[in-house]
Amino acid sequence: MEKLIELKNIEKVFKSHKLISVKKDDYVAVKNVSLDIEKNTIFGLVGESGCGKTTLARSVMLLDPPGSGEILFNGTNIAALSGKDLKPYRARMQIVFQDPNSALNPKMSVYNCMKEGLVNIRYPRDKIRFRINELLDLVGISPGHAERFPHEFSGGQKQRIVIARALSMEPEFLVLDEPVSNLDVSIQAQIINLLLDLKDEFSLTYLFISHDLNLVSYLSDQVAVMYKGQIVESAETEKIMESPLHPYTLRLFSSAPGQEKNELFEAEEGYSDGLPDGFTYFPPCAESLLRLIDTGDGHKVGCYAFNGS
Amino acid sequence: MEFLLFIVRRFLRLILTILIISTIIFFVIRVIPGDPALVVAGIDASEDDIQAIRARLGTDVPVAIQYTRWLGDIVRFDFGESMISGASVNKLIMERFPLTLTLAVLGIVLGIIVAIPLGVMSAVHRWSFWDYFGMVYSQMGMAIPSFWLGMILLLVFAVKIPLFPLFGSDSLKNLVLPAIALGFARAAVILRLTRAAMVEELSREYIITARAKGLTDRMIRYKHALRNAMIAVVTVTGIQFGYMLGGAIIVEQVFSLPGLGRLFLYAIYQRDFPLIQGGVVFIAVIFSLVNFAVDILYSLLNPKIRIS
Amino acid sequence: MTERISSSTLEIKDLDVSFIQGEKEANALRGISLSLKRKEVHSLVGESGSGKTVTSTCIMGLLPPQVARINRGEIFLGEQNILALEEKDQRKIRGKEIAMVFQEPARYLNPTLKVGEQITEMLRLHLGMDKGEAVTRALEILDLVGLDGGKRILGSYPHELSGGMKQRIMIAIAISCDPSFLIADEPTTALDVTLQLQILNLILSLKNRLDMGILFISHDLRVVRDISDWISVIYAGRIVESASKEELFSNPRHPYTRMLFESIPDADKRGKRLKAIPGKVPDAENIPQGCAFHPRCPIAEEICGSNQPETKDVESNSALDSHTAACHLIGKQWKN
C-alpha cells in the first residue's frame, strides 16, 4: 500500500507568554508522534479530551506555527515548505472540526460561505453556482436552501455544509476532528454514512479523530491510541480490538458505553492492578518519553516498562 | 503568589504606559514646527529675550539632551517652575488637586448611588416603572451637557431656592451641585451598562442552577447575578471616573471652583509650557493609576483573570 | 430542621406544554406520562429536540413563565400535585425534594462563587444549618461524590477544576439536601468515555446509598444500558415506548426505538452501512399530523399520516412487567 501521509517525530510545545514568570511553564502538547496513513484508508486516532488530538491535527494541517518534525505528503516534507510552494498542498488537505458553528460565519449565507473558498482557488466564476449546488446535493442539503443562513440549519446539517465546503477544494486528505461528537447518535450515523460514501466516491484518505472507541473501531482501518500527547498503541483495527496491549487502551475499551460488563469497571486514576503481562506500572509512562515497540505485524505499543514478553 | 505576580505585572505596565505618554507629550511639544519660546515671548520680543526664554524652557540644547532631562524630571516627578508665577509646577498642581479629586469622587459616588440600584431594578423588573424611568434618565444623561446642567442647577438651587451657596469652595456643601452636574451623565452610562449586564447574567445557565436549588429570588439576583454583573460595571465605572477628571475642568469653570481645571485652562491661555507639560503628565498618571486600580479590582471580582 | 415530606413516588401524568412566541406555538410536550419510584433509575431517551429538557425543567418548576404554558397535566410528588403549588411552596421542593444535574457543569456553576459557597448556601437555606455545620456537611458530601482534598476544593472556583470534577460538584450540590428524586439531564454527554463511566458509577452508587429515585436523561441508549431499571423513549414530545431495561433491549417494538439501536456504531458492524434514521426530529412548532414519526418511519402506512397512535400494552417477554408502545403497526414485520 502507498503511504499518503507520514508523520515523523511531530512535537508541539506551547510556550508560556508571560512577561515575568517565576517558573517556565511551557507545555508539551504533542510528543514525538510518528504515524503513517495509507492512501484511501481511514486512520482512527482516539484519546480522551486534552490529550493533544486537536493540536496534532492542527499541526498536520500546518494551521499553527509548526513545531518540530516532518510531515510528508506523498513523500514531500510540507513542514519545510512555505508561501507559494505550500499553497497547492493546502487545498489538497482539508479539516473538519467538531463544532460547525465556529466553522461557519453566522452572518454569511451558505452560498457565500462556499463561494469564498472557490473564489480563492480561482474556480471559473460562471461555474461557481453550479458547483455549489452540486456539492450541497452531494452532502444531502437541498441546493434550494443555499441562500439560508447557518442558524436555520440543525447541527447535523451544518456539519454537512462544512463537509461540502471542505470537498469544494477537491482534497485528497481530510482530517476529521471529532466531526460527530456534538451530534446525537442517530444523526452521527447519517454523517458517518456520508463520510464513507464520499471516501469511496472520491478516493479520499481520512484521519478520523474521536474519543469514541466504538465509532473509531467501526470505521477505521488503523487505530492509534493517544495519551498525554503520545501515541501509546497503534495497529490495524482488528488487531487492537482483539488483543489490546497497552493498559490505557484496555481502560478506554472497558469504559466505552454499551460494552458488555459483568460488573461496572471502576475507572480510577493511577491504578496499577490487573495489568497484562509484560507491564509493570502505568502512570510513570505518562511522564517520560515512550518508545514504541513493534510486537509484530505493525502492532506497536509504547511502554517503557514493556519487557518484551 | 499568583496574585502578587499579577500586581507586579500590571504595575510594570503602568510604568510603561506613563513612559510612553510622557514621550509623546515631549515630542508633541518639541518637535512640532514652531519654537515654543517664540510663542511665549510674543511678536515684539528681542533675540536676547527669546534666548533667555529658551534657557528657561531648556530648549536651547539638542533634543536628545532635552529628552534625557525630561525623563529625569519625570522620574523625579519634577516639572520645573511655572513661567508665569514662578512657583513650582508640582506645588501648583498639588494645591489644586484635592478639590478636583473630591469633586470627581463625589461625582462618581453620586453616580454609583443612583445608577447601580436603578440599573439593577430596571433589569430585574423589566418594562416596569423603574425600567422606563431608567430609560428616560439615561437618554437625558446622554443628551444634557454638564455645563448646561450646572448652570440650571445653580439657577434653581442656589439662586431661586437658595439651598446651596452660589460661590466658594471651602465646604462640602459647595461641591454638591458641581458633583451632581458632573455625575449626572456618567450615571447614565453606568446605569445602561448595569442594566445590560444584569439582564445578561440573569439569562445565564448558572441562574437556572440557582433556581433549581430552591433559592429565593433575592439570593438569585443579588448574590448570584449581581456579583457577576459587577465585573463589567466596575470596569466601566473606573473608566468613567477617569473621564470625570476631564469633565471636572468644564464644571469647575461653571461653578468658579479653583481646581485643576482652571489651573490648566489658564496655563493654556497664558502658554505656560512647563505647567501644561506637567499637567498633561499628571492627568495621564492619574488616569493610569485609576486603570491600575480598576484592573486590580476587576481581578478580585473575577477569579478567572488571575490565572491567565 | 424543617420537616421532610419524603415521598416515595414522582408521577407525571399527561403533561402537555407549549411555548408561545407571538403567533407561533411550539407544542414541546404532548401528553407525557412517566412514573418514578425511589431507589429506581428511569431513563428518558430520545434525540435532541424531542422534549427531554422541557420535561425535566417542568418537573423542577423552572419553565420560563413568560413563554411557557402548561396546557394539561399533573405532576404528583407523593399525594401532592406540585404544579398546583404556589411558587413559594414549589421553592421548598426544589433542591430539597427534587434536585437536578445539568449537562454542562462549566456553564451551570456560578463562575465567581467559590464551590464551598455554592454547596453550603443550600444547606443553610433548606436545612437551616449554620455555617460550621454546613461546611462539615459539605465535606461529607464531597467525600460521597468521590472528591478528596475537601477543604481545598471548597475554597476553589469552578474554573480551577477539571470537567469531571465540575460534574461531581454539580452532583454534590444536587444531593446535598438528601433529595428523594434526582433528575440528571444528560450529565455525561459533555464528558469523555472514561469520565462518563466514572460519573455513571457515581450516580448509581449514590442512588443505592441515598435511596434516591433517578430520572436519567440521555440521547444514547448505550449510556443508559448499565444503569437503568426502566427506559422510556421520547419522540416529538410523546413517549413512544416504555419498558423495563431488559425488555427494551431484548425486545424493542417501536420502529423508532429499533432504529435508535441500529444507528449505534460498533465494531460488529464493520464494513456494513449504519442504519441511520433519515431526516431529523420535527420542530415543536411543526409536528407532523398523525404519528409524528411517520416522515422518517420505514414502515409507515396511510393511517400513520392521519391518526395519532394510542399508547397500548404490547406483548412482553416477561409476564411481570408491562411494556407499552405507541404505534399503529406494532406487529408489522420489517426487514433490515
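Order of writing sets the chain letters: A, B and C. Residues in each chain are counted from 1.
Rule of thumb we're sticking to: a residue touches a chain if its C-beta (ideal position, glycine included) is under 8 Å from a C-beta of that chain, and two chains touch if they have at least 3 such contacts.
Note that the structure is a prediction, hence the values are computed from the model and not measured.
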Contact tally winner between A-C and B-C is A-C
Greatest centre-to-centre gap (Cα means) from chain C is with chain B
So, in whole Å, the Cα centroid of chain B is separated from that of chain C by 53
Whole-angstrom distance, CA centroid of chain A to CA centroid of chain C, is 32
Two or more other chains are touched by the chain B residues none
Chain A residues touching chain C in their complex are 48-49, 154-157, 184-190, 192-193, 196, 211-215, 217-219, 237, 241, 251-252, 255-258, 261, 264-267
Touching chain B in the complex, chain C uses residues 57, 60, 62, 91-96, 99-100, 102, 104, 107-113, 121-122, 125-126, 157, 159-160, 170, 173
Within their complex, chain B touches chain C through residues 204-206, 208-216, 219, 223-224, 227-228, 231, 301-304, 307
Contacts from chain C onto chain A in the complex sit at residues 47-48, 163, 192-198, 200-201, 204, 219-223, 225-226, 259-260, 263-267, 269-270, 273-278, 280
